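Below is the structure I would like to discuss, written out as structure tokens.
Should a chain be cited, it is by its letter among A, B and C, assigned in written order, with residues numbered from 1 in that chain.
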Amino acid sequence: MHIADMTAVSLAAAIREGKTTAVEAAEAMLARIAEKDKELNCYVTVDKEGALRKAAEVQEKIEKGELTGPLAGVPVAIKDNLCTEGLLTTCASRILHNFVPTYTAEAVRNLQKAGAVILGKTNMDEFAMGSTTETSAYGVTRNPHNTEHVPGGSSGGSAAAVAAGECFYALGSDTGGSIRQPASYCGVVGMKPTYGTVSRYGLIAYGSSLDQIGPLTKDVRDCATVLEVIASHDDKDSTSLVREDTDFTKALVEDVKGMRIGIPNDYLGEGLDAEVKDAILQAAKVLEAQGAVVERFDLSLVEYAIPAYYTIAAAEASSNLERFDGIKYGYRTEEYAGLHNMYKKSRSEGFGEEVKRRIMLGSFVLSSGYYDAYYLKALRVKALIKKAFDEAFAKYDMILGPVAPTTAPRLGESLADPIKMYLGDIYTIAINLAGLPGISVPCGQDSKGLPIGMQLIGDCFQEKKLIRAAYTYEQYEKK
Amino acid sequence: MSKQYETVIGLEVHVELATKTKIFCGCSTAFGAGPNTQTCPVCTGMPGSLPVLNKQVLEYAIAVGLATNCDITRYAKFDRKNYFYPDNPQNYQISQLYLPICRNGGVEIETEDGGVKTVGIHEIHMEEDAGKLIHDDWEDCSLVDYNRSGVPLIEIVSEPDMRSAEEVIAYLEKLRLIIQYLGASDCKLQEGSMRADVNLSVREAGAEAFGVRTEMKNLNSFRAISRAIAGETERQIDLLESGEKVVQETRRWDDAKGESYAMRSKEDAQDYRYFPDPDLVPISVSDEMLEEIRQKQPEFRSDKMKRYKEEFDIPDYDIDIITQSKHMADVFEATVELGAEPKKVSNWLMGETLRLLKEKEMDAQDLRFSPEHLAKLIGLVDAKAINSSVAKEVFEVMFEEDVDPEQYVEEKGLKTVNDEGALKKAIEKVIAANPQSVADYRGGKEKAIGFLVGQTMKAMKGKADPGAVNRMLKELL
Amino acid sequence: MANIISDETIEYVGILAKLELSEEEKEQAKKDMGRMLDYIDKLGELDTTGVEPMSHVFPVQNVFREDVVTNGDTREQLLSNAPQEKDGMFMVPRTF
């Protein structure tokens, strides 16, 4: 087996056992990146020197027995909206083309403490706004399964890098499906944990009430392992939760007997690609065969999640992105006449089209006279959606459905019609509104050879159930 | 002017809280540090940084609310106020609009005619201060220092209950007193730790409806506030008299020129797009929290005045002055506690202390001398170890540097000379040198003795007891 | 399209958001925003009478820090990303 094909956990074990070293692993990844990334463009920044230096450092600590964790020495890729001290962090935007943070995101620090070796920063939709990684200011990322197709987004660079073996695992962020959807399109595992499980400190905010950081990995074991390392209560993030149950690897058990799984009829209706539908139902059958109780049910309000989401996310984004003004960091326009002209020109030249579209929408829905009708209305609908999920979880341990209506679209197809692109988020978005955990697990391919993902959605704090079901399914499929 | 007009005034008072750290991060709030040396990613709006509320800010805000008879909001939230300006690093200010921490309060003020009137408090909310902009004429640009960015403020919004500059100042004095007593702020207008924006409108006397109001900013002394109120009242009446309309706007008062001008700009839409800050969680004020803060409330002025009247034999006038500053009252009580006679302590505070405060343009809360030293000084006078003019001299040094008066008197050799022989010698010399005055005295001019006492004191370099000098002079004459 | 966005609205939102759009971009923005608002108007179908707006999903409350200084002088780092600086401060166009 080529080293690049190992999972993160098996690589760490091999390093511990002296079969390979962190430096060899980093070198293998850098070679892979050199070979493939010109075409795929998974990375905005590759930190070759830093990775090799860190790998040597970590290797020494592993040998001394100072680092014994399950990810020690394993090279990782970090989405470019997570701040990394001393390493360019762009959010795939021109407005942060030269921003070098002086602090590291808490989730990344947790990885560093566990002996991670950072290879670089992955491409994404600008400020995580998009579903294809095509809104990046640094070029599109291509899907490793078919380079004419998008990898999904917004964590497209992270998903594609894992799929292409350009890293062993990656971190992404998920505001409306941005981990799960690219994981599905690229055939890897991606998980968005319960809101508040991973600290948002150092994550450059898009929609603060919806953003969560999570792992993109080669398999479910890696996913549980990475989540266990990055989950922590952080005093610096007021929305960070105190949880005693973050030993997620304990849930890597092949057993779904008696588990009640609901499939919303609304998730199988109009707009869902037939091949995707078949794959999802096939996966459900596998779980049923393993002892789960699978049922169809009506989850209400599905079609209201998207308009509620885009109102809330755009409103929060319009405010979160005000700080990019050309004064403290990032891009400042060359010529301007006075302060306000400087603001306007810097921001108009620094932000891309999709970002501007959402800032305009968000500013409008918060503006005088519209706040109640749009923003508050959306927050009320959010409460109803949460309630609908509460009712579902009174009956079921988890919800099963597709991640996206189709497999990865061709490059250039999606951006032409923003609303159509937004509709692609229909199965993922409500989960963020309700703060729930969700995982995307590969469950086959379509006739074009493009991966299909199954989504499992749990009640708050029920990641372990999702991991158990996903692991059971994955193990069955391997046999 | 043919019609009679009434001025209607409401105030928005910003008070900088006396916390050690900023409202949402662990940066120091200390005054006078080098530009941007008290900053971090949070208070400079770095991407990815997040706010966490300083508990002391909430406690101070609630304490002020309780002391001003407000209802405390049991479920409060922070909102973002969005506007672009370089002193506002996130380009939104974290404030409270929808669920402010305190509401529906009021304080009583004395009116000019000696009556009492309540000024309603609409709400008190917590928010963060902005940074400082410095204008650089050399480069024709502005420079931003974020040391003040994130310093905690409370904004106390009054009802439009005031009708004159005098009432406004009485209200501000009252707030200042309450907040200083709480220790929640030093409330210095000149230094900006208390700032007042004046909302003012005029209406025809007897009218029910309010007129269109303007908001005036940049008022940093009571004098500026009075002048701005007079100026704006006149401006609005002039507009109405000439058939024009008052425009609702924000105006900046230029105290040097004695006029205000509109701060309008096409780029200031005044549409702040407030919404609940998703980065901060709601505040739930429990009964226990409230009770704890209530327990910590100090004795306020009116109670203190009552107690002084009962406990100490000093004039009402003295009580009034001393309790006008919590710090001065603390000094008074501590000095009395050390054994000094209340009336004597009061005399020092009312006399020399007030004189020096006025002379040096200082606030009572800036008094530096310790109660221990004042008690010692009074002790020295009581023991006749120094005379009163020496005592005043020592006090002046104490006022400046808080020296130990016993040590100081010793070092400088200021003790009264009680050596009768030395005094007698000095008097004999004075009598010999001033035959004319001696003759005058003996001739019945009683006043002439004053000159001779003075000459003797001079010869003794002030270190004699004037009473003793007088007595001995009379004997020897 | 039910929502017609006027030139004034786009101009106004541009002032709020500090974005300067070209004529072409303005036309596009008018269309996009109108379509989005039509879509968002779908929320109006739901009766939300008596439903409290939910800004936080979890009932987490009272997260505080103690009033203790934890940060020191990091000015050099702060200014390391500044487009323009002078005398330890950020340089900006004249504010008045």
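As a convention for this text, a residue touches a chain if its C-beta (ideal position, glycine included) is under 8 Å from a C-beta of that chain, and two chains touch if they have at least 3 such contacts.
Just so it is clear, the model here is predicted, and its values are computed rather than measured.
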| item | value |
| --- | --- |
| Higher-contact pair (C-beta pairs counted), A-B versus B-C | B-C |
| Per-chain Cα centre nearest the global Cα centre, belonging to chain | C |
| Inter-chain centre distance, chain A versus chain C - centres from mean C-alpha coordinates, in Å | 23 |
| Rounded Å distance, chain A centre to chain B centre (Cα mean) | 55 |
| Distance between the centres, which are taken as Cα means, of chain C and chain B, whole angstrom | 39 |
| Touching two or more other chains - residues of chain B | 44, 52-53, 82, 84, 86, 144, 267, 271, 273, 278, 280-281 |
| Set of chain A residues in contact with two or more other chains | 99, 102, 209, 235, 238-239, 318, 322, 325, 327-329, 339-340, 343, 363, 367 |
| Residues of chain C whose C-beta touches two or more other chains | 12, 16, 18, 55-56, 60, 63, 65, 74, 78, 90, 92-95 |
| Interfacial residue positions of chain C with respect to chain B in the complex | 12, 15-16, 18, 55-56, 60-71, 73-75, 78-79, 86-96 |
| Of chain A, residues touching chain C in the complex | 98-100, 102, 195-196, 209, 235, 238-239, 241, 301, 303-304, 306-308, 310-311, 318, 322, 325-332, 336, 338-345, 347-348, 351, 356-357, 359-365, 367, 374, 376-384, 386, 418-419, 433-435, 460 |
| Touch list for chain C against partner chain A, complex | 9-10, 12-14, 16-21, 25, 29, 32-33, 35-37, 39-46, 48, 51-58, 60, 63, 65, 74, 77-78, 80-84, 90, 92-95 |
| Touching residues (chain side chain B, partner chain C) in the complex | 19-21, 25-28, 33-40, 44, 52-58, 77, 82, 84-86, 133-136, 139-146, 266-267, 269, 271, 273, 276, 278, 280-284 |
| Touch list for chain A against partner chain B, complex | 82-83, 89, 91, 96, 99, 101-103, 105, 200-205, 207-209, 235-239, 315-316, 318-319, 322-325, 327-329, 339-340, 343, 363, 366-368, 371, 375 |
